[in-house]
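The following pair of complexes shares a single chain, subunit A, combined with subunit B in the former and subunit C in the latter.
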Partner chain A sequence: MLMKRKSKRVDIDIKYMNIRAMLSIAKKELIIASRYKLQVVFWGVVPVLWVLPFILTGIAISGGTDSEILESTIGTGNFVEFIIIGAIIFSYMGSTIWVMGNALRWEQYSGTLESLYLAPVSRMTILIGATLSQTIIATIQAILQFLIFSFLFGVVYPFHKIVIVAFLVLLMIIGLYGFAFFIAAVIIFFKDPDVLNDFISTFFYLVTPVNYPLEAIPISLRIFGLIMPVTYALIGSRMILMSLKSSFTLESIIFALIILAIVFWIVGYSTFKFAEYWTKQRGKLSAY
Partner chain B sequence: MLKGLLKRARKELRATVAVIINVWKLDLSYPLSALYFITAPFLWYAPFILFSYFMAGGRTSYTFGSLTGIPDVITYVTLGSAFALLTLVSMWSTAFGLRREQWIGTLEVVYLAPVSRFSIILGHSLHSVSHIGAGIIIQIIFIHLLIGIHINYWGIIPALIAIGLSIVSLQAIGLILCSIVLTAKQGWMAAEIVGDILYIITPVAYPITILPVYLQIMAYGNPMYYGTEAFRGFLIFGLDFSIGWWMLLVLAIIDLIALGIGYFIYLKTDEYIRKKGDLYKF
Partner chain C sequence: MTDDYIIITENLVKRFEKREKRFGFISRKGKIITAVDHVNLKVKEGEIFGILGPNGAGKTTLIKILATLILPDEGRAFVNGYDIIKEDIKVRASIGVVTGGERSVYWKLTPRENLAFFAKLYNVPESVMKKRIDYLLDIMNLKDRADDYVEDLSTGMRMKLILARALVHDPPILMLDEPTIGLDPKFSIEIRRFIKEKLNKELGKTILLTTHYMHEADYLCDRIALMNKGKIIVVDDPMALKLKIKKYDAIIFEVPLKYSNDVKEIVKSCEFIENMEIENHARMSIIKALSKNGFDALDLILDKLKGKHLSHLNFRVENPTLEDVFIHYTGRGLEDADEEEE
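Presenting the complex of A and B:
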């Protein structure tokens, strides 16, 4: 009885230790980011410059900021609002993949990877901690982008609707964490994070409805888009903020986001654990 | 005198070729990365093609045609994007040529070599041009077969001249950016912003006439404006694209001025860093 109680307490202590470690990593990353304030602002502003060519191309093709084709597809022709929502929400996906994919590599560059591996906490906490801090930074950058877009294009969304969108984005981020575990695991095997990160974010930028509706994506590519939480978050957010018609209901979108989050966490967690075991067995941590 | 100059030029050329071979060897040590960066440019501009195709409701848009003289949106965007990527990558490589040497721990050795730093930077840029260029050629063949872009073969030579002249002027901008990267902490931000602004004021996927007036004025001083228009015009209309020759002439003049300014700024920066003994901080 006493032994049982003791082991239960040890379990709670370990969980508590993992949470503390995760928060410490997140705090550490936020402190580093606060030393490079300009960089935080920079990545908030630069994505606006990436979006402008799409808006300008749309204007050149449609002759204005309204597109008849977009209207016949989704019920509104305002492609500027459509693209802005896409850019802001997709920025979460880009930063989650980028940070989780590189988190261990950056620890290695700073010479702290081995020490962290020796710490009596789960390696997942390192990844979650790093990504948690990035989610906070990404939110600050999303607000900054939104303010710039509002200033440039006069786009305003009602606050109560933004709250619902924030809930969808939160579900998306939870799912993306699971997906990013999977990416981190693949990087442990293949070692070159830049190529994989670039490929994944570019590929999913192409196959998810960031700049165009889902219907514009060829069916062979759309399948890949449909397994990503960002697709449902984009559709749901536009449904709410732009009152768009869609073949999905809000309930089905929330359901899809929850299911994808569960699946990605199971797959991501198992793959990462396996990659970690594989690396340790072969003593390849330094080669990583 | 001339003999001495030729001898020096030969030596510099050998150094440049050595850098190109060296970086290619490094690339080929990561075959997956090398392969990816040959095919990646297509992935980078595929969203633009898909977006344009959707917005136009097909390949052609008469509104777009009335603005650009080319109703085929896909051809316009594909050729514009291929050109812009190739030239911008060469600018990036120039800006980060020396930084890359630092990353691989060879900066000090390179600085001690009895050759001009310009030859080393040029080596990095030409490596990128050959790397991305290989990708662009593969993609244009792929797009030609898949999307059916019709290229006027008579226009290939002047289009290549447009690429060459644009790369020279972007080398100049790259040299100025290299000076910023050398001296400023987080100088890469300047390179990123300049690259993004150049992209916006270049007629990659839209004519510059739709830009606000102040951006149009900036666009007329942008070498990529002339390069993109000439490259695309020659490949679509062939030798009949008479305005293209004037654009090449303007580009050549910009090259002369910009290269002089860029090289001067770079030399001054190099001198400044050596005087301050700041190389290790870079």
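Presenting the complex of A and C:
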């Protein structure tokens, strides 16, 4: 099955190769993740545990699942629905940054980074493939969270509008991938993925309207929230699913998500390419 | 560039800066180490070409440059006709690389899953992939363990899987970085035989390998480059390298003590012998005679030994080893060089 022959010229369809490689990397990640049985069980449970304290605190303070103050600000008072949408959509951001920032480091720890880097595919393909698997896991988690919260709090969303929400989330994810390339590049330079990932996730959790409306965030911090695709996806999704009032229109939200995606991809791509060149120049994959 | 050579390097240079004194993000420029120093090599298609040198000689850096993992500072190189900088993806598609030891496959996947994963990364068509994986598992004797997790396999089996991974896209060139390091002697012999007989002779793969084991280079390689401190010192086939430094043949006799004086006299009287040393042990004497014309000397001596009914004695003619060649060119042995680098 191996051919005896002299040297061969290599004909490669780079675009097709990269797509196939990306999908097989995502599949590999999912297979490996599924082999840690306990982790699979936690996929559905842990995200619910992260959100529950906020909901329970809200219920304790307001005495129910509705808040008049919230209603006067955004036109709907059900903070449980508000928080659940926030948690689910932000989980895409958390997982994208976490996985893309750590993917190369994890491969290095397991000893497989060089084997991957020797494959004739773009290094960004490796990152996208790994992150794609996490996006799939985040989607499974989102579905499980919806089911669990529906059971616990009787939350029901107009699911016939889910296609538009999915479109917004897709645009957000595309932008986040660009942002995460930038983070992956920064990690290549500064090396400590845990600290940087934690800081970035926590900071943007604070300055984006995950658990509270945008209006509740001080203006000096709100500026940072407004450069994040997750902010627009959150506002847009709540507008669609909860009839939330906002100074943004759906069109302006889609426009912002597209612009941010383009900007983040340009910045992320250029920074990552530079980081990759820097690493090859220094001659150490261990720079990861 | 000629078509006869499948790997060519021209004045390849790689320097690393060893930074010193770190204060947070601040570090001071330090010593420059030239890991690869104006290396010129030409590897012929279908040959096993070895780079032999001590640890820290620059062998791995050179392989990593050719495998496009590291950028050179100066010079250029072509692999399978492709420029390693401008056509790096085609270079990677042309080579199978074994480096990094047994951890370079996924332990939570099975051998079959690992091979399928890497086959897809190299865009092996689905129609070919399954047959090739079965074939590789078969020739590596991994068929029975193909669906067990890699973490449950022995070190030897994992090394076979890593070789199979390097072959999964059927590349014309294999780059093997210290392929038997850390393996037990029995399995090392098996791997070497596989590299020589199957991969090179049967399948015609061009193989570039690094090693610091002399006997491995001697057994495997059609040609050897001796590398020391980033420089290629000399390139030739192992026999020619040894002949280049050969000034004398050493004829060694192992003689029971009671015949020692007789043999000593016979050897001494031979006109071709220029020098002689005797080591006496408890029951044996070892007589080492040096001659510029060893075989003629041996002829004469054997004739005389037969006359004295001593033709049953043990003897051998010793040639220089690659270690001697290395010492000749660098003034130190491979082991000494290893220690110095450490």
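In this section, the second predicted complex is superposed on the first by the 272 of 288 C-alpha atoms of A that agree within 3 Å, B and C clash if a C-alpha of one lies under 4 Å from a C-alpha of the other, contacts with A are read in each partner's own complex, and residues count from 1 in each chain.
Going forward, a contact is a pair of C-beta atoms (placed from the backbone, for glycine too) under 8 Å apart; a residue touches a chain by one contact, two chains touch by 3 or more.
The structure displayed is predicted, hence computed values, not measured ones.
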Which of subunit B and subunit C A:Ser150 touches, first, second, both or neither: neither
Touching partner for A:Ser270 - first (subunit B), second (subunit C), both, neither: neither
Touched partner set for A:Glu114, first subunit B, second subunit C, both or neither: second
Contacts of A:Thr249 with subunit B and subunit C, given as first, second, both or neither: neither
Common interface residues of subunit A - those touching subunit B in one complex and subunit C in the other: 190
Complex interface listing, subunit B residues touching subunit A: 30, 32-33, 36-37, 40, 43-44, 46-48, 50-57, 61, 63-64, 67-68, 73, 77, 186, 189, 192-193, 196-197, 199-200, 204-207, 210-211
Touch list for subunit A against partner subunit B, complex: 36, 38-39, 42, 46, 49-50, 52-54, 56-63, 67, 69-70, 79, 190, 192, 194-195, 198-199, 202-203, 205-206, 210-213, 216-217
Of all residues in subunit A, those that touch subunit C in their complex: 1-10, 12-14, 16-17, 20-21, 23-25, 27-28, 31-32, 35, 110-112, 114-121, 190, 277, 280-283, 285
List of subunit C residues in touch with subunit A within their complex: 6, 14, 16, 25, 35, 45-46, 61, 64, 67-71, 80-82, 89-90, 92-95, 97, 99-101, 103-109, 113, 117-118, 120-123, 128, 131-132, 134-136, 149, 165, 167, 170, 172-173, 202-204, 206
